[in-house]
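Once you scroll down, you'll see the structures, which are given as structure tokens.
In the two assemblies presented below, chain A is common to both, partnered first by chain B and then by chain C.
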Partner chain A sequence: MPLIWPALIVTILLVVLPVLYTIWLSLSDRKIDGSNSGFVGLANFQTMFAEPEFWNSIRVTLFLFVLCLVVETVGGLALGYLLSIDVPGRAIFQGLMLIPAITASVAVALVWLLIYDPTLGAANQLLEAIGIDPVVWLGSREMAPWSIAIVDIWQWTPFMALIIAAGIRSLPSEPFEAAVIDGAGSIKKALFVGLPLLYPVLTVAMLLRTVDLVRFFDTVYIMTQGGPVNATNTLNVYGYTAAFIDQDPSYAAALQLSLFFLVIIVAGAFTWLRGKQSNAE
Partner chain B sequence: MKKTTRKSLAILTGLGMVLSIAACGSPSDNAGGGDAEGGGTITVVLSNHPWQRALEPLIPEFEKESGIEVKVQTFAEQQARDKILLNLQSKSNAMDVYMTLPSREGPQFSSSGYYEELDDYLESAPEDYKATDFSPGAMDGMQADGATIALPINVEGPVLYYRKDVFDELGLKVPGTMEELIEVSKTIKEQGDGMIPITLRGASAAIPFTFGPFFHGEGLSWTTDGKANFDDPAAATAIDEYATLARDCGPPGVINYSFTESSNLFAQGKVAMELESSNELNSVIGESSTVVDQVGVAPIPAGSVEAAPTALSWGIGMSPFSESKDAAWEFMQWATSPEIQLALTEGEIAPPRDSVAADPEYTDTFDTDAKKEWGEAVADIQANGFVEVGPVGAEAPAMRKVIGDAIGKAILGEITAEQAAAEIQEGLTPLLDTK
Partner chain C sequence: MPSRSAVKQKRRKIALVYVGYVVAALIFFVPVLFMLWSAFRRNIDITGSIFDFTTPLTLSNFVNLFERFDFVYYIRNSFIIAGGSTLLGLILGVPAAYVVVRRKLAGLGFFTLLARMAPGVMFVVPLFVLSIAVGAPSNDALNFLLLIAAHLIITLPLCIWLLVPFFEEIPRSLEEAAMIDGCSVWQRFVQVVLPLVAPGLSVAITLSFIFSWNYFLFALALANADTMPLPVIAFNFIGQGAGDYGGLMAASTLISLPALILAIVAQRWLIRGLTGGAVK
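This part shows the complex of A and B:
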């Protein structure tokens, strides 16, 4: 027990205390000059629930979360399967695919900003070359969330694929052989043998992306700052704006706490599903 | 110990380690500081701006003369604000001097005690600093609650950059009123062979600076006796003009545009006019520009009532939490001295000092038509500019967002100009009350 004290103290100082302070902030009224007029009960949360922008930011967050997670998982499965096949040069491929995931999101967002420029960018030049009308990638409320999602999918699908490929390569071969003897074709083999066996790996990969996606911030902050007119205002970006532009730390604390709970709920649901699945086996 | 407790402790510890890595990026205390006599170290936080780009190369000279080591931290505008605010809110001594926009954050920072008052410093400044030589307009902008909170470092305001070759080819006259501006834009759209007529700001937080002349040009001021004036029908007219230009004659994706995007487009020769800050001259006639010889500069067109350019000065302020105030003042005094402000004009920084603005060494550098026209437009801004970039008050940043968001919706065609005006009026009222 004594050996754990240093770690425990660090944890309390850096995790528990800030969370407690955030909770206190959200229940009080802190002014920007640092003074605090004290306990106000749930007033900040009342304002939050009455604020349409809060619900919009939840909607935007969930949209990006669901869209990115589904595409990244399906794409990751497909790419991961290809990566699991032994072909010459596989290691090189695997290395190249890591590049988007290890590049800083800020750099990725800045490069995509250039690609997306409606007049000068590469994306529209490409579209025009094949005869498709140019798209205003970040300049309309309908299109902007999709454009942001494309960047995230580009950046993180290879990462999912690498985890899944490693999972596929470590699967035992006996169940597949048994299935073949029972007369299963390739599709049945993949769906009813491969996928269930892969389930633990898949859920870990999805859980990792889930936590990041619910806290979606950096790409949006660099590319649109939540715009145009709040179309990409995720909960995390909204919380940042409340704290640093509107300079309302107490309201921002309420927003960030709700983000905290959103992460716990979504990640908790995943973990629960995983536990249920592994108990069932 | 039970297994589950141990597991949760392990998770907590893991989390702690991750967070402690993140915590390394927080503002740390200044190791230097201390004695002003014979040197010391000061930290200066700057926003990415033509003034900063022109000043930085001159700093080693100051370090050699004064023996003071200057650590410069430069960030993009919004990140610089975040960094400055973090330092001030945590009462940190890690920052001594910072760039500030008093027209935006002056009242807010001043009421929070985030500015060291400079009047005493100015009074005891040496003769050759010429403390009274700053133009009255610029110096007025540096006051809050009756005290001087910052020193002006430049003068800027929106001007109209245009392509002389395009105007000649289509036989167009430089627009003098907003109405003519819209007409000219429409002509270019019809006859300009794919040339984008005009680029201007569409990004929410950036809009008020260039929208101001449309609004003031209709004879309106942001507020009267603490009440917003967007319920005046003329406000809708101004919004309609701005939104029409952006929507019908602006570049695709204009809703995300601020000065960087606009100047890029202009320098690449894709657009015939740019409504932007006078600061952008360097970007449109600089090395990377493909249209250097074709640039014309005109004062911003007048509204139906009057010509109303916006005038804005950046300043440098001193942190009240600095532990090297004497060294900090020495740096500020140097950076705003007549000699340095003259040297900075080489980077197209319009000086806030009358003597420098009239100095032949400066005016003689207007060796091209574009620079001459620019010099005249800036002089006009300095003489006639409206200093309120947005509604004044402790909630100024939030109020600018209200204005920008509603005009943004009008640009996207989601609401009419009248609806936008009503939305702004409604949004501003509670923010003005908190004053």
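This part shows the complex of A and C:
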């Protein structure tokens, strides 16, 4: 079919070739000046595995991934339930809840920079109003990853909720009626009837978030650039700075490929668990 | 007729839902309002109390952006990049989505999944090398072309994803009828199929535009001083205008404007687009 060739060619040029080139970069030694001393085998990967910062960035990435995914899923379930109930004004509220997810991450990061400002920020002013000492949100190693996580949770929990709400609204009502006849209360109904039925939608939502969370970049790069002292240096930010700040494209390629593998492994594990679960039912 | 206590219980439930709405809005919407409000406050007030709602509102932050930093120029850049990549995404994606549906191709789905899962950084280094090889950093027209091509990585899979369900809804018999009437493949596509997916096209256009408009990474690495779109100039602002939170919030507001408008007018489609069609 001739109609598909343009798209296919462009996809190969824009997606497949860069991936192949990155693989070549990771196996060779490209210098800052653009010269390449050729094939070096797995040397870049050996350097990477020996580099403590690589393991730190994996740790930071997984920390943010697990923390954000858990909170966003639990929060998304609660908010999603709220969004699934038919009351006047529901559509307007749903529109409001969409806003964090579609606002440009640059704008989100800038607003939160102002909120987190150590002296005049809204966060510390709120804490002060209820008598809590100010917090160094982005400037301390201990706090920065949590502060970054809060931004992501803020931006994406409503998005999870919207997917979950759509899932809840399309659930059949018979199993719930049957549960009522069997004498189940509302909490039992939600936990033992609703949640299992919601499982397919829930895993799709979690998978979508997973792919993005493992590739955590925008808000971190804008708010902390991976700092302070690499406390928020996710693998994606590390892969970017290695290429464009440290100007070591071959080492960066090794990092980026590891990130790609990490995304595939986590997403694959997810899909596998999902398949296993639905087979078990 | 429902009993009185049932009505009462229903009312209580609705009231509870609204309480939940207020709590959720405080958490998830107030930061957006805070951005909008700060964009219209003087810097001296922004650095003051957040509880002081009596401070005067001003347009000076915006005036500053346009007069001192020529924001019209960067808005234009954003339009060129987002508009160009949306247009190209449609030109390539519409026929592709049609073929994917008619021929039941899964292979292209794999490529678009690859584009969705691969970290953007992986595309940036090869594009950067290409950019230097063709002299794009010093040539604005080439630089724009490169940025549009880079953003195609976002818009093309999105267009295909969004359009596939629309094409699936067109009955095959309709096309077969056109075939019997002697229409060629191309005529069938343009005269019969395209008009039927018009609603899908408007969805694909708006979402591609927003996603491309918002995208940060490619332009961060590839744009030069003349081709910078809004997100990059706003990011560069952090260092330059240290302490000018009013300017930063005005810039954020300008960047967010298309998305804010869309959240109001096209929320259903946005949900479909954000979830890659997982939720219809």
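By definition in this document, the second predicted complex is superposed on the first by the 274 of 281 C-alpha atoms of A that agree within 3 Å, B and C clash if a C-alpha of one lies under 4 Å from a C-alpha of the other, contacts with A are read in each partner's own complex, and residues count from 1 in each chain.
Here is the rule we go by: a residue touches a chain if its C-beta (ideal position, glycine included) is under 8 Å from a C-beta of that chain, and two chains touch if they have at least 3 such contacts.
Everything quoted here is computed from the prediction, not taken from an experiment.
Peer 1: With both structures lined up on chain A, is it a clash or a fit for chain B and chain C?
Peer 2: Aligned on chain A, chain C clashes with chain B.
Peer 1: Which partner does A:V70 reach: the first (chain B), the second (chain C), both, or neither?
Peer 2: After superposing on A, A:V70 lies clear of both chain B and chain C.
Peer 1: Just chain B (first), just chain C (second), both, or neither: which does A:G34 touch?
Peer 2: In the superposition, A:G34 touches chain B and chain C alike.
Peer 1: Touch test for A:N236: chain B only (first), chain C only (second), both, or neither?
Peer 2: After superposition on chain A, A:N236 lies in contact with chain C alone.
Peer 1: Where does A:F244 make contact in the superposed view: on chain B (first), on chain C (second), on both, or on neither?
Peer 2: Both partners.
Peer 1: Pick one for A:Q256: touches chain B only (first), chain C only (second), both, or neither.
Peer 2: The answer is second: A:Q256 touches chain C but not chain B.
Peer 1: A:L120 in the overlay: touching chain B, chain C, both, or neither? Say first, second, both or neither.
Peer 2: Both chain B and chain C are touched by A:L120.
Peer 1: Look at A:A178 in the shared chain and tell me whether it touches chain B only, chain C only, both, or neither; answer first, second, both or neither.
Peer 2: Neither partner.
Peer 1: Counting only touches as set out at the top, which of chain B and chain C does A:V204 meet: first, second, both, neither?
Peer 2: In the superposed model, A:V204 contacts chain C only, not chain B.
Peer 1: Which partner does A:L8 contact after superposing on A: first (chain B), second (chain C), both, neither?
Peer 2: Touch status of A:L8: both partners.
Peer 1: On chain A, which partner touches more residues: chain B or chain C?
Peer 2: Touching more of chain A: C.
Peer 1: With the touch criterion stated at the top, can you tell me which chain A residues are shared between the chain B interface and the chain C interface?
Peer 2: Touching chain B in the first complex and chain C in the second, residues 1, 4, 7-8, 10-11, 14-15, 18, 34, 117, 120, 244 of chain A appear in both lists.
Peer 1: Which of the residues in chain A come into contact with chain C in the complex?
Peer 2: Touching chain C from chain A are residues 1, 3-4, 6-8, 10-12, 14-19, 21-22, 25, 34, 79, 82, 85, 87, 89, 91, 93-107, 110-115, 117, 120, 122, 125-126, 129, 154, 157-159, 162-163, 166-167, 201, 204-205, 208, 211, 215, 217-218, 221-222, 236, 239-240, 243-244, 249, 252-253, 256-257, 259-260, 263-264, 267.
Peer 1: Can you name the residues of chain B that touch chain A in the complex?
Peer 2: Going by the criterion above, the answer is residues 1, 9, 12-13, 15-17, 19-20, 23, 78, 81-82, 85, 89, 91, 108, 111-114, 196, 202-205, 251-256, 261, 264-265, 268, 270, 395, 397-398, 401, 405, 408-409, 412, 414.
Peer 1: Going by the contact rule at the top, pick out the chain A residues touching chain B in the complex.
Peer 2: Answer in residue numbers: 1, 4, 7-8, 10-11, 14-15, 18, 31-34, 117-120, 134, 136-141, 224-225, 227-230, 244-247.
Peer 1: Enumerate the contact residues on chain C facing chain A in the complex.
Peer 2: So the residues of chain C in touch with chain A come to 13-14, 17-18, 20-21, 24-25, 27-29, 31-32, 34-35, 38, 46-51, 91-93, 95-96, 98-100, 102-103, 105, 108, 111-112, 114-129, 132, 149-150, 152-153, 156, 160, 185, 189, 210, 213-214, 216-217, 220-221, 230-231, 234-235, 238, 245, 248-249, 251-253, 255-256, 259-260, 262-264, 267, 270-271, 274-276, 278-279.
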